[in-house]
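Taking it in order: structure first as structure tokens, then the write-up.
Just so it is clear, A, B, C, D and E label the chains in written order, and each chain counts residues from 1 on its own.
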Amino acid sequence: QDSVKLGYQLPLTGNTAQYGQDFKDAAEIALTKFNASGALPVPVEIIYEDSRSDAKEGVTIARKFVDDKEIVGVLGDFTSTVSMAAAQVYKKAGMVQLSQTASHPDFAKISKWQFRNITTQDQEGAVNAQWMMDKGIKKVAVIAEQTDWGQSVAKGFVEPFEAAGGEVVYTEFFNRGLADFRSIITKLEDQAPDAVYTGFFYEDGAQFLKQMAQLDAEIPIYSTSAAYNDQLIELAGEAAEGLLLTATFLPTRMDANVQDFVTEWDKTHDHAPGQFPAQAYDAVNIMLAAVVKAYPDLTRESLRDAVAATSDFPGVTGNTTFDENGEPLKELTKASVVGGVFVEVE
Amino acid sequence: MSNILEIKNLSLKIGIQDILHDISVTVPEQGIVSVLGANGVGKTSLMRCISGIYHATGGEILLEGEDISKLKSHEIVERGIMQAPEGRQIFSNMTVLENLVIGAGPLGRQELDHVLALFPRLEERLKQQAGSMSGGEQQMLCIGRALMRKPKVLLLDEPSLGLAPRLVGFICELVSKIRAEGYAVLLVEQNVKAALRISDTASVIEHGKIVIEGDASALANDPRVAEAYLGGHVHETA
Amino acid sequence: MTAILELDHLTRAFGGLKAVDDVSTQVHQGELFGLIGPNGAGKTTLFNLISGFTPPSSGEVRFKGEVITGLSAHKIAHKGMSRTFQNLRVFPNMTVFDNISVGALGMIGVGPISSLFGGKARAKDISERSYEMLERVGLADHADDLAANLSYGKRKYLEIARALAMKPDLLILDEPAAGMNDSETTELAHFITGLNKEGLTIMLVEHDMGLVMGICERLVVLASGRKIADDVPAVVRQDPGVLEAYLGGDEG
Amino acid sequence: MSKSLLIKLGLLVLAFALIPALLVGFDKGYYYQIATIAAIFMLLAASLHLVTGVAGLLHLGHAALYGVGAYVAAILGANHGIGFTLGLPLAGLSAAAIAFLVALPTMRLMSIYFAVATLGIGQMLYLVFLNWVGLTNGPNGVMLFSGINLFGLEIDSDLGIYYVVAGIVAISILVLNRLSHSYYGNALRSLREDDQCASAMGINVTVMKIQAFVISAFFAGIAGALWAYTTGYISPNDFHFSQSILILTMVVVGGLGSLPGVLIGALLLILLPEALRSVGDIRNIIVGVLMFSAILFLPKGLFGEVSALNFARRVLGQGWAAKKGEKGIGWK
Amino acid sequence: MLDPYILQQLAIGLSLGMIYALMAIGFTLIFGVLNVVNFAHGEVYTIGAFAGLMAISAFGPPLLVVLFIALAAGALAGFGLERMAFRPFRRFSDEASLKSRAMREATLMSSLAMSIIAREAMEMVFGSQFQTVDLAYLINKPIHIGPITIVNGDLIILGVTLLMLGGLQWLLKKSPIGLSIRAVSNNALGAKYCGINTDRTIIITFVIGSAMGALAGILVGLYYGAIFPSMGFTPGIKAFVAMVMGGLSSVPGAVISAIILGLSESLSTSFMPSVWSDMVAYAFLLLTLIFFPQGLFGARRERV
């Protein structure tokens, strides 16, 4: 065998291509570095397939990867919907699938073959709830996108927050890509919460923040790591000031790993990497580390066990350990937008 | 008398079907020429070729010496040929007045008055939606619309279709009358007797070919015409 | 003689215009009935009232003794009335044969179930009836042509064949001879009288006086929506009102 | 007659022997997957063909009815223990029932008005899939753990699943073929051409339109159930408006009114993007360009209605001939 | 005195409605009035936004110039679109083709194909993410009127919508070209017999309609600060719905329906979860069609 092959299914075209392209770039950085390091006697190769965020294509690609006997493990997909549909194939065929972002509460539970390295909202929501409690915030409105992820954002926050004695005065979901949040904001203001907890990606986030500012709604906004992206600030400008969020990845952090990645990334991009490419970078590295561990007896089965055994893997998004369900346990950092940049806060 | 419209050796193929074959017809200035023939022999197709709706696959069409067979339909209208087509092709969603105005192109008021004087029914119904008019009323509109342009050559494809007997007579008179105003008319008519009475010359088409042509009065007495088109008589002239 | 169709004070107004104004008459079983009148007199509108395409403003239509005012067109068709349209309505992108078959199948009735299971007998019925009509109007050579590619005159016959395929008791023809020359009209006259001889009641609108006077047994004359005459052709032709309103000067 | 029989047999052999043989030969789940998806979309396209191609009603919400079938099958299977054998017909019937309900008020709408009404209905159903969390599990979708179980027989192998899907799709398409290539189809075509005129022929226009719409929805529902059972996980996105457009594209590119054309269209639009994977990110542009050229050169479809009807009458021997030994002109 | 909350929601609804209307106007001219099924209008809208954006980032001209550049880009796009996706199909002039559904839907497909190609190409070139827009160009500066807040963009969009509406009404009702457009849409063959240059009329309509669409694109892009390749999709559907609700060929009808849609969305958000607000908009659509099968201002069917 002269190389090790991995598959990566991700959206390279279509509405979500911007995310898939970032994943691919991040994965390439990780792969190049790995192959140069000589950790394995043979090079590793990643085969990218475009799923367009369409479940039909997602399962077809999964079958294709499964057919290719040389492929030992798979990364992706981006959205949970496609990851979940493809997971049925990997489950049946017995191939490890590590998604950098799939956040559906049931994803990792599908079978022993599914893993993800993105924090679950049970974790992130609890941290945010505690953060607000610490600041004495009692009345919160929750706004999240109407996806499986958004649902889990709301649920992950509301449960611990209410358990801690807080009150959720208003919960609202919106369809991803909603252009106009003003009706929701007006309604939200009417409920006079002390803070808003939000589950959105940076594009929806920028819209929301701008329109909050437009309507002079001066309410502190908390968000998740999904909003962590320089482009949020670029799109929202002033309106992003004061946004509070939890994150696992800070490109400004003075950690060798992080700086390595950021430097490489900056060579080809004019924005610092956000949360998502960092997730992909880590996912690929976790997979590669597992490949090294399983080598030379590299089979789909042995690779799976090696992935499952990942413990305290030092990535750019913090240390990753998979629990028995394939869920990651991670450290979360708190950050805020101050003067047009994300800064870590205590 | 010079010829205003000359059709020379025209042929038309649609798909594999030979629709017209080697047709030649000449319309002199201020002349009235009819084209006769049974159903489906290609009269309408000929008229469509002249108006540029179909493009002939062979031969030429000369208007005052200029070949117009390759021109687009609107250029042909601009050069002075206007048709009252088969199937009327009025603008059914628009009002009668709008229909007439569109027909007029750059011309205006005067022609409108002229046409409305000819067809008082149209004047009564200027604001009515053209599609809701009766069949005969639509036919009047169709002819009226063609007159709005003051064309040099007026093409009439079965103008009497759907008109009451009284109006058929009126149209015949009208055709004879407008020649004095300088129009030349090419007429397709099923009402063979009436057509031959007002025309100078006539051609009879069969299967896309001209089989008989000549002076209208001669054709009216031609036994072949009488047999083919004037039929055995259920007809007692009304 | 029994009346197959009775019109009772039928009126239809469009805005201020009374297109049909208080018309009453009867069509008898087996009759060849003519309806004439100047353009815009209301003939087509009257047909539309009878066949259910336009609801009357007031008045009543009875067909075979049954009141059919207000029924929808397809129900009236099922009672045995079929019609052609003045402004030629064929199904342009269907073949000639398929056009005719619609007339037959409309009456015989097809459903998804019967079309799936068996239905062979019905299909045979429809096919044969359609083919019979196809031959009868002499379009057999064109069976496979799209109706849109037929010339005007052939479409007329196609429409008639389609109406006949419905095997109606009353056939309503709106200007069937329009666009036909004298000899073709003569042929058509034979065709229509032939149908009538077979016992079919026919109602006919036509501007070709030769045809109307030659074959109709009785004529009703409309002018401006009102009935101005109702008699045998010979009498109607001499009626000064009719002469004045309709026939006008001489005509070829 | 014998020629037509041969062709029919040939098609059957192709679907039931040759394709599986090829698939087994290559031992590729990938090909099975494509064959299965292609089969499902052939059924979707064939069912849309009945409403849009034959009856002429531009339908922009077909994917939503497909979704109803998928959700019914998945929810029944996941939460109520109702398996494939019963779930499949129930999925079809539910989609048909919903279609019937929405058809009642919309069937008198003409042309684009009808199209927009179906677009609206499709979007409303999509919103239900997405937002009625209690019923559909909302954006989380439904996972269906049970596989295809046909009258107690667990079907697990790729080949078995292919046979089940292909068999159901083939039967459905035969039914749709019968409906569109028959006098019933002619009745529907007459509505498309001129509904007022059709009503003068004694055709109950509203009832016919509803029938076509409901039958088509039934088969869309069946396709939905097949999708749910073959992927094991469904979510609202699978039934988005863009899927309706995809199905419509298959129908139009293949040939409005032509069943064989529509099947070719479906096959092409599933296979082409897959075949073009190797060209990378521009594959969708290429699909667009090919689609454009196809429609440019063959605006009536790859296999237009006129040829399709002739094909059915002559070659498949469904036509009725007026005289012995003549070519068929009507329908048997 | 109305509750300021409701007033604010009304203001938002109106502004949403005006945005839909802005897009619906050009769409209605091409699709509704000219009666040509055009599925690529959303991409023309997007092209307008990108053209404006490129102008902004290239040389930062005044807003008015940006708008003119978008207009010009739209006109060009409309011209190209008509040439490529519509004109070729007019070579079929026989009756069977003219009356065939397949031929009619063929332009639907060709325009759909063009829209796929255009969108994918824009994604290749620009990526599918929101583009960053110089914040100074955004037209979302708040204006407070009593208890409610609107933005300067609302006034600009209102002005442009009124201008377009008035302009189009004049064009369609009073100018010869408008008469030609209506004639061609009603009966293209008849128009040929009347000496109308149908090709030119159609091109002009496309150019005007597309220029309006592109202007809508850049305005809405700057209004929300969101310019991305698939930005035309959602407003495209809403504009389509508004056009049909209005009766296809009536520009004021489309504008009124667009406002109804905008209002119903924002007001329904007050009473139910926002994810359901589209449900209300579509329910309005269905109700309208049930009571007005030809839309609010549609023409009646022809007599037999």
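Rule of thumb we're sticking to: a residue touches a chain if its C-beta (ideal position, glycine included) is under 8 Å from a C-beta of that chain, and two chains touch if they have at least 3 such contacts.
Computed from a prediction, not measured in an experiment: that's the story for all the values here.
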Exercise for the section: Provide the labels of all chains in contact with chain B and in contact with chain D. Expected result: C, E
Exercise for the section: Please state, in steps, how far chain E lies from chain C along the shortest route of touching chains. Expected result: 1
Fill in the blank from the handout: Two candidates, C-D and A-D; the one with more touching C-beta pairs is C-D
Exercise for the section: Look at all chain centres (mean of CA atoms) and spot the one farthest from the centre of chain C. Expected result: A
Problem - Averaged-CA centre spacing for the pair chain E and chain A, given as whole angstrom - result: 36
Fill in the blank from the handout: Taking each chain's mean CA coordinate, chain A and chain C are separated, in whole Å, by 73
Problem - Geometric centre distance via CA averages, chain E-chain D, whole Å - result: 32
Problem - Inter-centroid spacing, chain C versus chain B (mean Cα positions, whole Å) - result: 28
Fill in the blank from the handout: By the touch definition above, chain A meets two or more other chains at residues 13-14, 17, 146, 173, 175
Fill in the blank from the handout: Expected list for chain D, residues touching two or more other chains, is 130-131, 193, 196-197, 281, 284, 305
Problem - Residue numbers of chain E (touch at least two other chains) - result: 94, 99-102, 120, 273, 275, 278, 303-304
Completion exercise
So the complete set of touching chain pairs is A-D, A-E, B-C, B-E, C-D, C-E, D-E
Completion exercise
Touching chain B in the complex, chain E uses residues 93-94, 179-180, 182-183, 186-187, 189-199, 299, 302-303
Fill in the blank from the handout: Touching chain A in the complex, chain E uses residues 5, 8-9, 12-13, 16, 120, 123, 127-130, 132-133, 135, 140, 142, 149, 151, 224-226, 228, 230, 234, 265-266, 269-270, 273-275, 277-278
Problem - chain B residues within the chain E interface of the complex - result: 14, 51-54, 72-74, 76-78, 82-83, 85, 89-94, 98, 101-103, 105, 131-132, 145, 149
Problem - Interface residues, chain E side, partner chain C - complex - result: 94-96, 99-102, 303-304
Handout entry: Residue numbers on chain D that touch chain C, as the complex places them
Key = 175, 178-179, 182-184, 186-187, 189-190, 193-194, 196-205, 211, 215, 305-306, 309-310, 320, 322, 329-332
